[in-house]
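The following blocks contain the structures, represented as structure tokens.
Look at the two complexes coming up: chain A is in both, with chain B in one and chain C in the other.
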Partner chain A sequence: MFKRTFAIVKKEVRQLKRDIRLLAVIFSFPVLLLIMFGYAVNFDVKNIKISIYDMDKSESSRDFINSLNSSEYFDIVDFIHSSSDVNIHLDQKIAKCIVVIPSDFSKKINSNRNTSIQYLIDGVDANTASIIKNYMFAATTKFNQKINSEILVRKGFKEYIPLSLETQFWFNPDLKTTRYLIPGLIAMILIVTAVITVALSFVREKEKGTMEQLNVSSLKSIELILGKTLPFIVIALVNAGLILLAGYIFFGVEVKGSYLLLLLTTLIFLTASTSLGIFISVLSDSQQVAFSAATFVSLLPSFILSGFVFPIDSMPVIIQVITYLTPAKYFIEILRAIILRGVGVSAFWDQIIYLLIFTMALIILASMIGKRKAESV
Partner chain B sequence: MKSIIQFIKKEFLQFKRDPKMFALMLIAPVVQLTLLGYAANLDVKLVRTIVYDQDRSATSRDFIERFTSSGYFKIEQYVSSYDKITEVIDKGDAILALVIPNDFEKNIYSRRTATVQALLNGSDGNTAGIVAGYSLNIVSDYSQNIILNFLNRSGQKLSSVPIISPEIRVWYNPELKTRNFMVPGIVGLLLSIITLILTSLAVVKEKEIGTMEQLIVTPLKPYQIIIGKLVPFVVLSFAAITIIIAAMWFIFGIPVKGELWFLFLSSLFYILSTLGLGLFVSTISKTQQQAMMISIFAVMMPMIFLSGFAFPIENMPKSIQLISYIVPLRYFNEIIRGVIIKGLGISDLWFNALLLLLMGIVILFFSSLRFKRRLE
Partner chain C sequence: MNSIEVKALSKKFGSFTAVDNISFNVRKGEIFGFLGANGAGKTTTIRMLCGILTPTSGDAIVGGYSIMKETNKVKTIIGYMSQKFSLYNDLTVEENINFFSGVYNLPEAKLKERKKWVLSIANLEGKEKLLTGSLPGGIKQRLALGTAVIHQPEIVFLDEPTSGVDPISRRNFWELINYLSDEGVTVLVTTHYLEEAEFCNNIIMIDQGKIVAEGNSKELKSQNIKNKMYEVECDNPVEMMELLKNADFVDEVSIFGNNIHLSLNQNFISKDQIKSIIDKTGSIQINKIDEMTPTLEDVFIHLLEKGKRQVV
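Moving on to the complex of A and B:
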């Protein structure tokens, strides 16, 4: 058995060697993409462009504006002088937020009456908008506290803050979103490479008619499958190593947990991905169909359904159920556990089980469909 | 002219013979839009929270109540040690752990500052940041209340300190749903993927099967072959985008607020660039496998990550921002979102449309040149 499997491996490797272009794409792009996207993927909201509409122009309003200006979160791009400018600034994305200070701002503060500051936020990107909302809330509260304590001190009370919040961020103290997203990027690149190369290499043989030749040979199907997928698994594994290395060099993403565990889980994930590739190849007769199917089941779902970018918790329940069909989901959890949190297998053994079940189910389905197809021919 | 029409007919015939491909093209986008549209959601609601209340006083319970009644936090369990907190957060079962010290109530009564700890799982920096913001808002609110109570009790009138309240108004998307932002983005993404896959593969397929040579020996001129190959895709893409926009409307209830005709016109401009890119990929690849890997890695992934689809371009480093200027989807995204969400039209977005048209022409021109040279 090993001999025959090995023979197929040799044939595949020889075919791959002839296809320098494909190899170049497979090896150079993932690392390149990781470097480029690693810088691109982040939700770190800083330097928010704000415009100020100060109708008061008093000492208090200037005080408040200065407090905004001195924060690294805000960039004051413009001062506007009429309410019609508000529309223009938001429509043309000159500013993300417009701060409107009412004309009686200082008068009210000085006479100890309540007042408000209006914030008009561009809500198109709701995530950024909520972050801006939080910042604005905090900035107002801070200013409020400052004024209050000034008044209290003037009235002879001791300056006093009843409650303070001490926030600690674990695993990622400076809240860099890049570190969180890189494991997702790794999973996505790996699954795309594995699914597409495997699916296509099978369908190609089908299209060219060489699949029949392989079928009538004395090869057992397991030998054929193993032989054809092994080279791609090795390629993907090497890729994974390169990507991790690039992640370390360029983004300082260190593997906190065990490397052995990482290797093993990656191997399991790659097996799952290749079985997905095999499944697609059984279903499709042309490379075009295989490719469309492969992008639709691997590229976008691993981006959107896997928890890579969008928290699975926030999805509707039905979609949460569907995410269980995305192998990248499990692998991303594992990667985050090993790389970012450095925890052991006890924290994610269930994910490994899911991955194994997924692989088994796909292989069984694929062989059932394959058999039926073979009989109907 | 007649021969082009004949050729286009032949192309359509080929489509018809491949019903699986046809189905994938027209049905898959709707399925994808539905799935992804529901999934692509960054809204942080119901933060899984654990509480370590060392004080167990009326005040601490009142304080915790503020968190639950805010609607953002869901208290999963009460724990009684730091070890347990570590365990739960390590496992990823909670994002926030609130620790209330045992002198909480005492400090508040004796007018000293009480410090509450918020321990957050920061791995998802975006969520953690938003959660920290929510918590801070609740704490400052509570703090403010205590001061007011204190002043009340000390005989001062409530209004003796002014309260400046932030009055926040969100434009275009008042409920702050990320879905309204993501779904139009997915529309653009799907359109790009469909057109790109189709063109890049269609040409290479003829090459691989060997029918390309037959095409070359026909009296058709190269430009006629290019037009004949591209026209069916333009038609199909229009069918696809109409279906997708309708699906967006019916399934997600996101209407097109702005000028619909302008959206379609810009789509046409945009398709020029994706078809051109597809053609270009096909000229540099010998096999379909190569074509696919190149179109995924060199075209689609940059489109996903650098177009501002999910990750705001303003947050990227300057050098990456520069690269994003050459991603056509970037401009198309601005148009789609501007028209659909903000209700804008040609007067605000003409520049983006113009850029798309120019890019489309340039890309299509150069890939046709390359393609022509290949044919000859």
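Moving on to the complex of A and C:
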């Protein structure tokens, strides 16, 4: 059995070596994707462009404006001098947010009365808009506190703050999005390359008629499947290593947990991906169909439904149920646990079981459909 | 001794019966021709005999093993070559040979010996490093046959091995088949080149999944065509066929290029009858009228026509 499997492995490697284009794609695609995603997909909001419409032009209003300007979150791009310019600034996207300070700002503050500051926020990008709102809220609270303590001091009281907030972000202290994205990227890249290469490799033999030749030989299906998938599993493992290396070099993401555990779980995930590739190859009769189906089935769910970018908890229940069909979902959980949190298998053993169930179900389904199709040709 | 014994074999795809209760025997070492139009059920039968398809009913003993119960054993003693060249075009000649010998688990020493043999029958000695995709069709086909029998099977199934190959390569390929048969290998070959069928020791013809005739080429001719046949060469065979179709002394008419083959019945007395019908029109020029011995093609057409008439 070993010898026959090895003969197939050797053949696959030889064919791959002659397919320079495919090889180039397989090895450059992951790192390119990583760099693209790492730099472009960034949910950190910084340097928000704001314009100020200061109708008061007093010491107090300048104080407030300076407090905004000193934070790294805001960039003051312009000062507005008439109310008609307010619309222009938002319409032409000169600023994302306009701070309107009323003309009686200093008068009211100096007489210890309440006054309002108006924030006009561009709400097109809802995510950014709500982040701006939070930043502005924090900035205003800080300013309030400062004035309050000044008043207290002037009246001879000691400043008293009953509750103070002490936040620590674990596992991703700087709240960097890339750190959170890299495990998802690894999962997505691995599943896409594994599913496409495996599906194409099987369907090509079907299309060229060589599969028939193998079917009449005394080769067992397990020998054929092992022989044909092993080379691609090795390639995918090498790719996983490359992505981790690139993640470290470009984004400083280190693996906190065990490398051995990482290797083993990656192998389990690759087995699941491979079985998906085989499943698609059973369904499709031409390389074109196989390629589109493989891309669709591997890329889309891994991107949208896996929790890679969009949190599963905030999806509607029906969609949440569908996410269970996405092997990348389980692997991302595992990767985040190993890479970011550095925890052991006790934290994610259930995900491994899900992956194994997924693999078994697909293989059983594929062999059932395969048998039925073989009998109907 | 029989190499293959087919017993009441049938295959249905849904409501369509591709192979309908066929039985035949193939003797060891003979070249057995399997003839039929496209879709007659030849490939389905071969695929069942190779163990790729499971029969709906019936059984066959191939090399002593039942295709129903011992499919895996059957696979070890047969070789198979399909109409598509089942070689990897992106591998070299030698890599293809090595691969298939690996699949059949040949020991190293055996591989060496068999590789030499395959290269010699394909005329590829010294060209082991050529990419298979770059070889001419005839050579590729010989290489495909060589790799298909690299494990020295007792029985070889060839499914339209010569389709799409030039006549000289076809002739050479048949020499190869004869050589295998001389070595004691049983060869079951399907073809729709009827002149090739003349090389077979025994033939069966199938139509719509049923055997319509069997025997050697001589028997097939004498059993099926009892009437005299004439060959008429003329300048307008289509019009002439229309004229002769309804003549009371003609059984069947078919066109072969510029010639017309006439199968005649008891009303026929002499070739002057043919001439007189043609002369009435005055527009067709006859070059030659001769009595002929029927070819397998005549038999085949005769049987298919008969089949059609029965259906109608």
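Going forward, the second predicted complex is superposed on the first by the 374 of 377 C-alpha atoms of A that agree within 3 Å, B and C clash if a C-alpha of one lies under 4 Å from a C-alpha of the other, contacts with A are read in each partner's own complex, and residues count from 1 in each chain.
Simple rule for what comes next: a contact is a pair of C-beta atoms (placed from the backbone, for glycine too) under 8 Å apart; a residue touches a chain by one contact, two chains touch by 3 or more.
Predicted model, so just to flag it, every value in this text is computed and none were measured.
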Which of chain B and chain C A:8 touches, first, second, both or neither: second
Touched partner set for A:65, first chain B, second chain C, both or neither: neither
First (chain B), second (chain C), both or neither touched by A:226: neither
Which superposed partner A:316 touches (first chain B, second chain C, both, neither): first
Partner, of chain C and chain B, that touches more residues belonging to chain A: B
Which of chain B and chain C A:123 touches, first, second, both or neither: first
First, second, both or neither for A:285, with chain B first and chain C second: first
Contacts of A:80 with chain B and chain C, given as first, second, both or neither: neither
First (chain B), second (chain C), both or neither touched by A:19: both
First, second, both or neither for A:148, with chain B first and chain C second: first
Chain B/chain C common contact set on chain A: 19
Chain A residues touching chain B - in the complex, by the definition given at the top: 19, 21-22, 25-26, 29-30, 33, 36-37, 39-47, 49, 90-92, 108-109, 112-131, 133-138, 140-141, 143-145, 147-148, 151-152, 155, 157-158, 160-173, 175-177, 179-180, 192-193, 196-197, 200-201, 204, 207, 284-289, 291-296, 299-301, 303-305, 309-311, 313-316, 318-319, 322-323, 333, 336-337, 340-341, 343, 347
Complex contacts: residues of chain B adjacent to chain A: 18, 20-21, 24-25, 28, 32, 35-36, 38-46, 48, 89-92, 108, 111, 113-130, 132-137, 139-140, 142-144, 146-147, 150, 154, 156, 159-174, 176-181, 189, 193, 197, 201-202, 205, 208, 285-290, 292-294, 296-298, 300-302, 304-306, 310-312, 314-317, 319-320, 323-324, 337, 341-342, 344, 348
Complex interface listing, chain C residues touching chain A: 13-14, 50-54, 72, 75-76, 78, 80, 82, 84-91, 95, 98-105, 148
Contact set on chain A toward chain C in their complex: 3-4, 6-8, 10-11, 14-15, 18-19, 208-210, 212-219, 374-376
